[in-house]
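What follows is a set of structures for review.
In what comes next, subunit A is part of two complexes: it sits with subunit B in the first one and with subunit C in the second one.
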Partner chain A sequence: MIELQNITKRVGQFTHIKPTTLTLKAGHFNVLLGETGAGKTSLIKLIAGLDPLAGGTIRFDGEDVTRLGTQKRRISLVHQFFVNYPHMSVFENIASPLRVAGMPESEIQGRVEEAADILQLRPMLGRRPSELSGGQQQRTALARAIAKDSRAVLLDEPLANLDYKLREELREQLPELFKGRGAVVVYATSEPEEALLLGGETALMQDGQVVQFGPTADIYRQPATLSAAQVFSDPPINVGDVVKAGDTVRMGAATWTLTGAAAGLADGPYSVAIRPHHVLPVAEEGATVPLEGEVIVTELSGSETSAHFRMATGDWVSLAPGVHPYKVGEAHRFYMDPTHCYFFAPDGQMVA
Partner chain B sequence: MRAKHLIPIVYILFLMLPIYWLIAMSVKTTNEILAGFTLFPQDFTMDNYVKIFTDPTWYWGYINSIIYVSLNTIISILVALPAAYAFSRYRFLGDKQLFFWLLTNRMAPAAVFALPFFQLYSAVGLFDTHLAVALAHTLFNVPLAVWILEGFMRGVPKELDETAYVDGYSFPHFFGKIFLPNIASGVGVAAFFCFMFSWVELLLAKTLTAVEAKPIAATMTRTASSAGYELGLLAAAGTLTIIPGAIVIYFVRNYIAKGFALGRV
Partner chain C sequence: MKTENQKAWFFVLPVLLLVAFNALVPIMTVVNYSVQETFGDNLFFWQGLDWFQQLLNSERFYAALGRQFLFTGIILAIEVPLGILIALSMPRKGIWVPVCLVLMALPMLIPWNVVGAMWNIFALPKIGMLGYFLNDVLGVPYDMTQNPLAAWITIIVMDVWHWTSLVVLLSYAGLVSISDAYYQAARIDGASRWSVFRYIELPKMKSVLTIAILLRFMDSFNIYTEPFVLTGGGPGNSTTLLSIDLVKIALGQFDLGPAAAMSLIYFAITLLVSWVFYSLMTKDDAK
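Moving on, here comes the complex of A and B:
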């Protein structure tokens, strides 16, 4: 268990990490989700002890490690770039932390081979990292991380620089790799989809701050704030300004009748957010509120079609299964499912 | 086709001519050299070399030179390594100015420093020691070594340092076991340039020594005897001074290309 209490990072005048309090548990993935520059890497470096804290305390399993050097924290770290020791063989790369720890040779042999087997590196053990493909290089870095008895495994976008297929493959393997090891696994990513696939708990980060933390599926379904909803959506979530009066809501030319929790809100202005896959090109069960828009961009990605369309109130995105022939520049009527709308008060807090 | 080959051949001959002439002179007698123009030695002799290798005033010149050049190279690299690491890894107040100031040390001619060094070393009893010359040469070699090493170190990503710390390496352990092997070619190039500068520098070496640490170049300038200059002997000594440099160049030639690619040579 890693407990971060009010940890802060400052560089000169700039605050990179605002006071952050988090408890990260072992046994599942702890995902740090945020865009580039949100502070994921900074937070990971603070946990690793690579950057100085401006304030706060860090505890590993109750032990205060705030003043403990990186070397003594018993952690593993995998970078976004493939970082291995270029002058050592793959075997020596994986064995390196074990050798530093002074483990007997026979045990090192066993551990390295075990890690190499899990990550399918057995035939490459004698090679240098530069003779490996990108995926193999990153697997070497992962093998080094799992061969060691770590209290925390920090993965800083480890799949970001791999091609699509390798990424899928390794991502499926990842939860297996760390199962039953008792280490706290922290995984930084900028892709909401990755967070959902890895499950566990997610901390949404924005501007050096954790805006929401909890079980991944819960935060996805119940974003606490408008910015949390925006971070955790890809393609970006649709946001519109609405005015509620009685049980109807008006957004530009569109109106609909409220049901459920939103019906109980006080009258006044709100922001609504709705995920693109609840805005469809044809009226369907549930998707009943018509939105008039002009198609500006369309993308067909395999089995899904997305369309960016312009309304008087702003640009929205629709994401629908199947192939839909749009014409750019043409007016089109989209339908949204009002039961999937999130309502946010003007201060950004979710209200319904 | 022929003309295409002719140009480099002529160029190489042109470059090699002085070296050939030096070597040819070294195996001639002084009389033959003074007698006139001969393309090939008429009266082949190894006497000049024999004299250098048997006369202590001659071979000690080489030994002295090699001692202070090696000493200088070691000191320069040992001092430059931590400095270059700091410049490549940390931002601190005035770092860029300090780096530039370091390089400006190379802009002054060596002669400027000859007198102060002479006075200082005489005062502290360092005059006519190998260490005196080695230390004087660090004034020029440390900035150069820092500059070359910094370029090579910058090419090593900071993530490598971080990975090593995470793996449990202490800083000295990391530096020796992980970092140095990765900048080995940079150390080679820097050592080469330190060696070459110190090997060919004459003025400081001559000013700061008298008998005990007299370098070969100084020995060579003092061969005027009543019979005039012994030209054959001088040529043989000159030939021998080329050899250490040639050997060092042979070993670092590939690294130097890498240094050029980094813009640091």
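Moving on, here comes the complex of A and C:
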């Protein structure tokens, strides 16, 4: 368990990490989700002890490590670029932290081979990193993190520089790799999909602070703020300005009747947000509210079709299964499912 | 049916001409001299390989060659480690970086004969600051015009002063190109300062160091101007390096044939050592 208490980071006048309090547990993935520059790497470096804290305390399993050097924290870190010792074999690369720790040779042999087996590196143990593919290099870095007896494993966008296929493959293996190891796994990513696939708990980060933290699925379903919803949606979530009056709500030319929690809101202006896959090109069960728009861009990605369309109130995106023959520049009527709308007060807090 | 396009030769032609005028023609001129006896009025007599045989049997040549290797060996042994050490202790960022870089580059910007003249005056007993300080203040007998050891120490110190900067600048370029991530990985592994140097910095500097050593080898092996101005090859023959000896033969004695043969052997040695060294250093990467 890693407890962060009010930790902050400042560089000169700039605050990189605003006071942050988090409790990261072992046994599942702790995902830091945020866009580039949100502070994910900064937070990871603070946990690793690579950068000085401006304030706050860090505890590993109850032990205060705030003033402990990186070397003594017993952690592993995997970067988004592949960092291996260039003139050591893969075996020596995986073994290096164990050697520094003074582990007996027989145990090192066993550990390295175990890690190599998990990551399918057995045939490459004698090679140099430069002789490996990018995926194999990153697997070597991951094997080093696994072989070491760490209290925290910090993964900073480890799959970002891998090609699509390898990324999917490694992403599936990752949760298995760290199962039952007792280490707290922290995983930074900018991809919402990755957070959902890895499960566990997610901390949404924005502008150097954690805006929401909890079980990943809960955060996806119940974003606390409009910005949290925006960070945790790919393709971007549709946002529109509405006015509620009585039990109807109006967004430009579109109106619909409110049910559920939203019906109980006070009359007035709100922002609604709805994910693209709840805006469909045809009327369906649930998707009943018509939206008139002009198609401006369409993309067919395998089994799904997305369409960007322009309304008087703004541009929205529809994402629908199957192939839909849109014509760019033509008017099209889309239908949205009003039960999947999030309502946010003008200050950005979710209200329904 | 394959059609052959002969036009391709035209594209190669400029390179061919360049290489011809840059390398082949001058070398062939030297080859021409090396196999003939030359007299005034452009009289030539065929000598075959006589000059080469004579040279390879002459003690004078081996003595100069030995001095040359000794000199190059000593300055490499000093300049390379010293250069790395200075590069390691230079700041990696901040306002002092350009200051350090300019200070480092200064000695290299001074014309070579000026360097020789500077050190000559600097080191002369009685007149020079260094000579005066050593002799009259510290009481250390030091006279590079009389004492071979003093002469050697002076040319070595001069070369170290003049050229260590090259090693520093190249090593520094190698060091700053190392991503922070490597240092972080080393800290996380708990690696010592020595391990960081041995397993991260040195391997990452390897290619620039190879170039640095190669350049320093070639330059110091062919060095002429500075020791010529400083000691003129003396006292006696003690600092007569290969190039100084070569000029003595070619211009002092006007033995163009032996001098040409010596040039070719000299060139062959430089080329051979550079090639062997470079092949050894890049052997791993090519695999």
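Things worth noting here:
What we mean here is this: the second predicted complex is superposed on the first by the 352 of 352 C-alpha atoms of A that agree within 3 Å, B and C clash if a C-alpha of one lies under 4 Å from a C-alpha of the other, contacts with A are read in each partner's own complex, and residues count from 1 in each chain.
Rule of thumb we're sticking to: a residue touches a chain if its C-beta (ideal position, glycine included) is under 8 Å from a C-beta of that chain, and two chains touch if they have at least 3 such contacts.
None of these values were measured; they are calculated from a predicted model.
Superposition note: with subunit A as the common reference, subunit B and subunit C are in steric clash. Of the two partner chains placed around the shared chain by superposition, neither subunit B nor subunit C is touched by A:Lys9.
In the superposition on chain A, contact of A:Phe81 is made with both subunit B and subunit C.
In the superposed model, A:Leu50 lies in contact with both subunit B and subunit C.
In the superposition on chain A, A:Pro97 contacts both subunit B and subunit C.
Contacts of A:Gln71 after superposition on the shared chain: both subunit B and subunit C are touched. In the superposition on chain A, the residues of subunit A touched by subunit B in one structure and by subunit C in the other are 45, 48, 50, 69-72, 75-77, 79, 81, 83, 85-87, 96-97, 100-101.
For subunit A in complex with subunit C, the touching residues are 45, 48, 50, 69-72, 75-77, 79, 81, 83, 85-88, 96-97, 100-101, 128, 130. Contacts from subunit C toward subunit A in the complex involve residues 179, 181-182, 184-185, 187-191, 195, 199-200, 203-204, 206, 284-285. Partner subunit B is touched in their complex by these residues of subunit A: 45, 48, 50, 69-72, 75-77, 79, 81, 83-87, 96-97, 100-101, 141, 144, 148. Within the complex, the subunit B residues that touch subunit A are 157, 159-160, 162-170, 173, 178, 181-182.
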